[in-house]
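Letters A, B, C and D mark the chains in the order given here, with residues in each chain numbered from 1 onward.
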Amino acid sequence: MVRKRQILVIGHNDNGCTPEHEKIAYETGALIAKSNSVLISGGLGGVMKASCRGAHDASGLTVGIIPQGEHSAANEFCDIVIPSGMGLARDFLNALSADGIIIIGGGSGTLSEICAAYMHKRPMVAIRNTGGTAEKFADKFLDHRENIKIIGVDTPQEAVKLILEKITA
Amino acid sequence: MVRKRQILVIGHNDNGCTPEHEKIAYETGALIAKSNSVLISGGLGGVMKASCRGAHDASGLTVGIIPQGEHSAANEFCDIVIPSGMGLARDFLNALSADGIIIIGGGSGTLSEICAAYMHKRPMVAIRNTGGTAEKFADKFLDHRENIKIIGVDTPQEAVKLILEKITA
Amino acid sequence: MVRKRQILVIGHNDNGCTPEHEKIAYETGALIAKSNSVLISGGLGGVMKASCRGAHDASGLTVGIIPQGEHSAANEFCDIVIPSGMGLARDFLNALSADGIIIIGGGSGTLSEICAAYMHKRPMVAIRNTGGTAEKFADKFLDHRENIKIIGVDTPQEAVKLILEKITA
Amino acid sequence: MVRKRQILVIGHNDNGCTPEHEKIAYETGALIAKSNSVLISGGLGGVMKASCRGAHDASGLTVGIIPQGEHSAANEFCDIVIPSGMGLARDFLNALSADGIIIIGGGSGTLSEICAAYMHKRPMVAIRNTGGTAEKFADKFLDHRENIKIIGVDTPQEAVKLILEKITA
């Protein structure tokens, strides 16, 4: 692959994103940047913004794919903005754009992205103890079919390391 | 509301749809037709097809919103076909088109529709003991926020009765 | 084809739609209904609304595929509403949903639907002397490739007759 | 604006793209890169590929938004690939992603992007004597409303200079 790996970070939006989530997302974004990968995100707040900020501070490249139709709705740490104009159905664009996905908590929107990713066979890693959707799913619904499984890890370091392995494999 | 109520039926596609699921879906489709509502579905196989057939046999009106770009990909019991050409992201169209939703088992595609419906506040009823996604969710993730809750019922009769009440309310 | 033919009517929206356009659109909608076909439209105002009203008054079935995410944004003559939630990109859904298309004037939105229809090889008929986009195109850009050509006619009667022939063929 | 300007280049795809078009597209892409802007394109062949190659050779950053659902369908000069999975409706994503647009010939797909851009008020510049759609439109349909006008220029240099002025203004 000539182009850089594109890693999507998903999780809690402004509702539900704690300082702890932000810290994890920031570190994850920074590690993605340091791995010379592109950070893809939904371009809005919470985990999306914190991961973009982390990648940005580490001189990485960030892409935000947003529901709105105008660039200005994205957070200020998106280097490239894709204003989809298609509302929350942009969750499918996020998932399809990913070579691999890291999950940090998250609710119904995150779960929608997980479903899209699952159907399109994108590898996923979830950071444990971040609450929300992915954790319940890591050992349930998505675990048993087609060898696609959300693997739980404990740290951003492990998450980035593992997703890179899965993409390269 | 002058127009008829639009009820979406979602659940197992060809993979995982048993004769028992088909029977439940068929009855659900027929009851939707008898209630003078329009059946919306994803227009393909499994629960989608069985529910369309049920509505069709009861002289109802059926709409299939399909991933493909040509009408011919829909099952033969769709009176109206919306070929979206947008792949599985059409799950969002299904959810948005629904005034209310009935869930009969289902996997990752069904869950994607549930997420879209949840985010857009469409009422949902799940038929119990049909396996799959919705049952796990009925008492977990989607249960606690914004008064949107997937209510579990035991029969197609209860499902159609309850969803009509929720739409009318 | 078991299902009814789906005929899309496109043209001027509220901006630019004159009483004369409305009259033509109304008659076209009524004739579509009388031909036992389903009228598809963009579900909003102008030619969309007038054609829906015409079909409605002739006891036909009308479908409105709208940019918004809620049913209530559609005009009151839509029997079935597909709230796409994807903004103006729903023009592609309109075009793809059509077995054939009738054009009554129209601007950039109509032209966008014409392009989508052209790329997906849907037959098109334009009513002459209605201004707007289609007339300029009937003898220009779209005329020369792949045997797809927008044919100009003078009346709603001719338009519906011709598009039905093209669909059946 | 902190982020870089995003300039979309549209025009002939593999069908209709001559060596002359490729030369113009290549130069346009290179000039976009040299202006420190991001090149957005539809990510496939013809003008899309030639402009990506030009930007790439000038060490620029290129984004390809493609109809397909997998990254591999993009041309090899896309640094970032957005596999939309939504078919040709991705033309709307292209237009919305642009701060400004340069048109080099083009057929129905290009025209569809022009319509989307027009409806969303994105500034456009067309390179003259490249055939296709835009030239016919530069002095017709799109000329008279809302102060949006496709301005014709003679060279890639003029096109990039002018679109940058329009974006900055």
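Criterion: a residue touches a chain if its C-beta (ideal position, glycine included) is under 8 Å from a C-beta of that chain, and two chains touch if they have at least 3 such contacts.
Please read these numbers as outputs of a predicted model, since none were measured by experiment.
Annotation: the subunit B:subunit C pair of sequence copies touches via predominantly the same residues, more than half of the used numbers being shared. Two chain pairs, B-D and A-B, are compared here, and A-B has more C-beta pairs in contact (counted per touch definition above).
Centres computed as Cα averages put subunit B at a distance of 41 Å from subunit D.
Averaged C-alpha coordinates give centres for subunit A and subunit B that are 29 Å from one another. Each of the following residues of subunit A touches two or more other chains: 69, 85-89, 92-93, 120.
If you sketch which chains touch which, every chain touches every other chain without exception.
In the complex of the two chains, the subunit C residues touching subunit D come out as 87-89, 92-93, 107-109, 111-112, 115-116, 118-120, 133, 136, 140-142, 145.
Subunit C meets subunit B in the complex at residues 2-4, 6, 38, 61, 63, 65, 69, 71, 76, 78-86, 92-93, 96-97, 99, 120.
Interface residues of subunit A facing subunit C in the complex, by the touch rule stated above, are 69, 85-89.
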